[in-house]
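Listed below are the structures to be examined.
Next come two complexes, and both contain subunit A; in the first it sits with subunit B, in the second with subunit C.
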Partner chain A sequence: MTRYLARRLVQAALTVFGVVTAVFFLVELSGDPAALLLPTEATPEDLARLRESLGLDEPLLVRYLTFLGNAVQGDFGDSFRQRVPALPLVLERLPATIELALSAFLLGIGMAFAASLAVRLTRSERLRTGLLWVAFTFQAIPTFFFGLILILVFSVWLGWLPSLGRGGLDHLILPAFSLATFELALYLRLLNSAFLQEQTQDYVRTAYAKGGGRAWVLVRHVLPNALLPIVTIAGINLGVLLGGAIVTETVFSWPGVGRLIVQSVSQRDYPVILAGVFVISLVFVVINLLVDLLYAVLDPRVRYS
Partner chain B sequence: MSEALLSVRDLVVEFDGPRGPVRVVDGVSFDVGAGEVLGIVGESGSGKSVSLLAVMGLLPAGARIAGGEIRFDGQRIDNAPEATLRALRGGAVSMIFQDPMTSLNPVLRIGTQIGEAIRLHAPRTPKPEVRERVEALLASVGVPDPASRARQFPHEFSGGMRQRAMIAMAIANGPRLLIADEPTTALDVTIQAQVMDVLEGVCARNHASMILVTHDLGLVAETADRIAVMYSGRVAETGPTDALFARPSHPYTRGLLDSLPTLDADHDELRSIPGQPPDMAARPPGCAFHPRCALGQGRPACSRERPDLRTVGTGHAAACHYAEEAAGDAPPREAAQ
Partner chain C sequence: MRAPLGSWSMAFAAAMLATILAVIIVVPLLPFYDPYEQDIMSGLLRPGTEQDGRLYVLGTDFLGRDMLSRIALAGRVSLMIALSAVAISLVIGVLLGLLAGWFRGPVENLVMGLADLQLAVPRILVVIAVTAVLGPDLVTLTILLGLTSWVSYGRVARAMALSLREREFVLSATTQGAGTGWNLRRHVLPNVMPQMLILASYELGQIIVIEAALSYLGLGVQPPVPSWGLMIAEGQQFLEVEPYLSLLPGLAIFMLVAGAQFLSQRFTPEGAADADLTALRRRR
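Moving on, here comes the complex of A and B:
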């Protein structure tokens, strides 16, 4: 177990390193940040001075090695725009992203569980198809469009909820629900097929033969097995959400990591982009590791060695 | 037999098929007396397992009881409400399934799964008492070191041990009838005998009746008091084990007996019954066995009239127009070989 963990941690570190390196060279291709920072009437001398002060005049490889050396110490440099360290800038956005991601995740997966348990318990074919139709419809609507519709209805017409920014629970409802509908569709389909598949297994018949009722068999025997295929997908998906729901964050002006990175990309703010990518990839690999460990708890047949 | 513990009369089970309902069980009757072991023998698809799932009220989706009646201890259970059936299942009637590898829940501990059988029927049993009873049950079916085995998961058990755990689960509430559906088919031959010993032992100790479903005539010969041979959803022949082996009165039973290897004869090749069991959705007219029957070839009655069970001896009946002829040609056989 310890060796397994050690191996996985090395893998995680390598993954983060690879992602950051790839992004470092990719943003280089996006053009000269100095040109964006200065007004159009700036002279070539002004440009050269700015590039020197930002350290952009060094050869690419030298800059890469310098970046790595500083990054392992937690220093991603200062934001070109805001002249403050980049990593804290990203980290202060993280709570907002986590708040939105977790609430959308829990809301989506919770609704999916309630809906598919209801389908299994009632064995109603009509309910099943109805729910799947709703799920497919939600999934087919582009996120930005659905978000705008929600704002239109609940903020503009009804005036019930704020349309943008972060604050109390009322600010969270619209963006979380907008994201959760997409999650709902995904998990509803997954759970439905997982339940259907498990329902025909021999151990289910054994559970009925013991004298169990339908709800008891479903919750006690089918559910733990149906969870197994869901956990992997849910883990990856939670990672994606925590990486910043870029579209939703933008539509609702949610001050999360995703929106910060999008802004930084359009401003060619290299240090912030790299710090953001670093944080996101770190969150992603950590969640993946946790999911694998959770899997071993849920399925006794899985033992890591 | 009015005092039969389980009495099945003219049971019909239909499955939904692509071209309408298919009669998988077509008028099956049998009785099991108290303390009796009934062997039900037949090929795969003869309707033997389905008949017993119908008794348990555990028919799969798309299947239903379309006729006949099932009585347990004199009470109708084929149309009983779900709550009555639930109290019966795992209580007075319990079932052991064919494949112990897949019949246990892979993510729950063995002891938990056996304990559930106790608590489903006595929800207020305190946990320590449940644990004690689980360990006693495991010990009674020959699982060594039951306290630590109870904490293990099914994948940590061998096939034979899993079947013992299944048996422990089935006898948790002292059932009066044990239905064992091919309990040893998925096991190694050496393990088969051990598991059969355990089954016979628990039946004797609990004074329970047992229905032993199998395609292995040798197995029922040793264990069963009476045998019902099923073919294509019907009972072809039924009788006391000795009589059935000594005077098989249906050509199908004879075919099955002839296909058993014996120790005292040289075999170049094992005898077999020619042909395949018929498609349930398109049974041959008359006797379903007639296209494969050596006795009936060309006789008009066989392809026209469906034979009903006729008495051919004490408690011995066969569904053959020419049962006496079938029995007469039969060379005498020892019951248990």
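Moving on, here comes the complex of A and C:
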């Protein structure tokens, strides 16, 4: 287990390193950011001065090594636009993104569990088909478009909920629900097929034979086994959720990391983009690591060597 | 096994798909088709309005451009991007997956390592980062979506190649002197392809949705070329007065994606969700 943990940690670190390196060289490909920052009437001397102050006049390898050295210390350079360190700028947006992603995650998986359990307990074919319909429908609606429909109905027409920004719980409802529907669809389908597969196993028949009631067998025996694939998907999906949050944040003007990255892209504010990509991939890698470890706890048969 | 959803819903899905495909294919052939002509005087006309002896079936946008024409052209653009991206990722994924499953060893480690690296970052983030740098462009976008979408094909192809290489018909071919190339081409590939095409039909919808999201953010298709995502974004500022501007292109995405995904369910009992599960199980 310790060796496995060590290997996974090294793997995770390598992944983050790979991502950051890739983004650095991409930014290099894009040409001269100094030229973008100055007004068109700037003289060549102005340009040279700015390049020097930004450290752009060094050779590529030197800049890359400097960049790596600084990045290890959490320094991604100053934002071109705001003239303040980029990483704190990103980190100060992180709570908003985590708040949104986590509420959407819990909301989505909670609704999916409630619905699937209801289907298994009632054994209603009509309910099952209806829910699958809902799942398929939601999976075909882009999250950002569904968000827009929510705004239209609940903010514009009914006037019940605010459509923009972050604040109290009422600000969270629409974006979280909109992001959760994507989750809901996936988990409904997964839980449905996982339950179906587990339901035919021998241990279920044994549990019934021992006199277990339907609800007891379902919750005590089937659920833990059906949970296993869901945990893996949920872990991977939490990252997708972070990606989806990028778009949802823009729809609802939610002040999170995703919206910051999108804004920085249009302003060509590379240090902020770099720091943002770094933070999101770090979160993603850590989640995946935790999921793999959780997997070992949930399934005693999984022994990592 | 019976399809999870009834046959009447399949008919409905087919009808939706047929309708949107008909719009995409037929509208550009009609005499009034012009997705670019601006006329401020006839801006923001509601669907069904008649002006200057001309009927605007789906109305006009804020620049007075015909919505029906724009939705049709945007559909062509979306489909072209998605089909090309799916083709690129299918070829890469099948190739890498088969090589990994056939040769095992270092090749397999390399391919699976690449797949893990790819999965370590959300697809949309990669596309955003690259677009930020190279600038938004149709060809770049297509290639990027293709390059970042091969993992699901690769994983499933590898898993299938692993078991196929041990099968009798392959062993029999090998004992008769068949080489790697012959075996892969004649025996493994044909057995892998059906599964790959099912995955592709699911991925097609996903890529259309991602492209729409990127265009919505202003990082995909650039104006004046229409795209459904871009049209939704343009319409959002008029959401309170003229919601149809955003709703119509959204409906178009839904019809295409839902239609394609419902139909792909016909070929697998639990569809892509099952494929996801299979791929994950085999990851271990």
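Here, the second predicted complex is superposed on the first by the 296 of 305 C-alpha atoms of A that agree within 3 Å, B and C clash if a C-alpha of one lies under 4 Å from a C-alpha of the other, contacts with A are read in each partner's own complex, and residues count from 1 in each chain.
Here is the rule we use: a contact is a pair of C-beta atoms (placed from the backbone, for glycine too) under 8 Å apart; a residue touches a chain by one contact, two chains touch by 3 or more.
Just so it is clear, the model here is predicted, and its values are computed rather than measured.
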Given the superposition on subunit A, are subunit B and subunit C in a clash or a fit? fit
Contacts of A:W160 with subunit B and subunit C, given as first, second, both or neither: neither
On the A-aligned overlay, A:H221 touches which partner chain: subunit B = first, subunit C = second, or both, or neither? first
Tell me the contact category for A:G213 with respect to subunit B and subunit C: first, second, both or neither. first
Residue contacts on subunit A - larger count, subunit B or subunit C: C
With both structures superposed on the shared chain, find the angle between the C-alpha centres of subunit B and subunit C as seen from the C-alpha centre of subunit A, to the nearest 10 degrees. 80
First, second, both or neither for A:A194, with subunit B first and subunit C second: second
Mind working out whether A:R205 is in touch with subunit B, subunit C, both or neither, as first, second, both or neither? first
Please indicate which partner A:I151 is in contact with in the superposed arrangement: first for subunit B, second for subunit C, both, or neither. second
Of all C-alpha distances between subunit B and subunit C after superposition, which is the least, in Å? 11
Where on subunit A do the contacts from subunit B and from subunit C line up? none
Residue set of subunit B touching subunit A in the complex reads 56, 58, 60, 82, 86-91, 94-95, 97, 99, 102-108, 116-117, 120-121, 153, 155, 166, 169
Once bound in the complex, which stretches of subunit C touch subunit A? 4-6, 9, 116-117, 119-125, 128-134, 205, 209, 212-213, 216-219, 229, 232, 236, 239-240, 243, 246-247, 250, 253-254, 257-258, 261-262, 265, 270-271, 273-274, 276-277, 280-281, 284
For the complex, which residues does subunit A have touching subunit C? 11, 15-16, 18-19, 23, 26-27, 29-30, 129, 132-133, 136-137, 139-145, 148-149, 151-152, 156, 186, 189-190, 192-194, 196, 229, 232-233, 236, 239-240, 242-244, 246-247, 250, 261-262, 264-266, 268, 270, 273, 277, 280-281, 284-285, 288, 302
Complex contact set, residues of subunit A against subunit B: 200-203, 205-213, 216, 220-221, 224-225, 228, 298-301
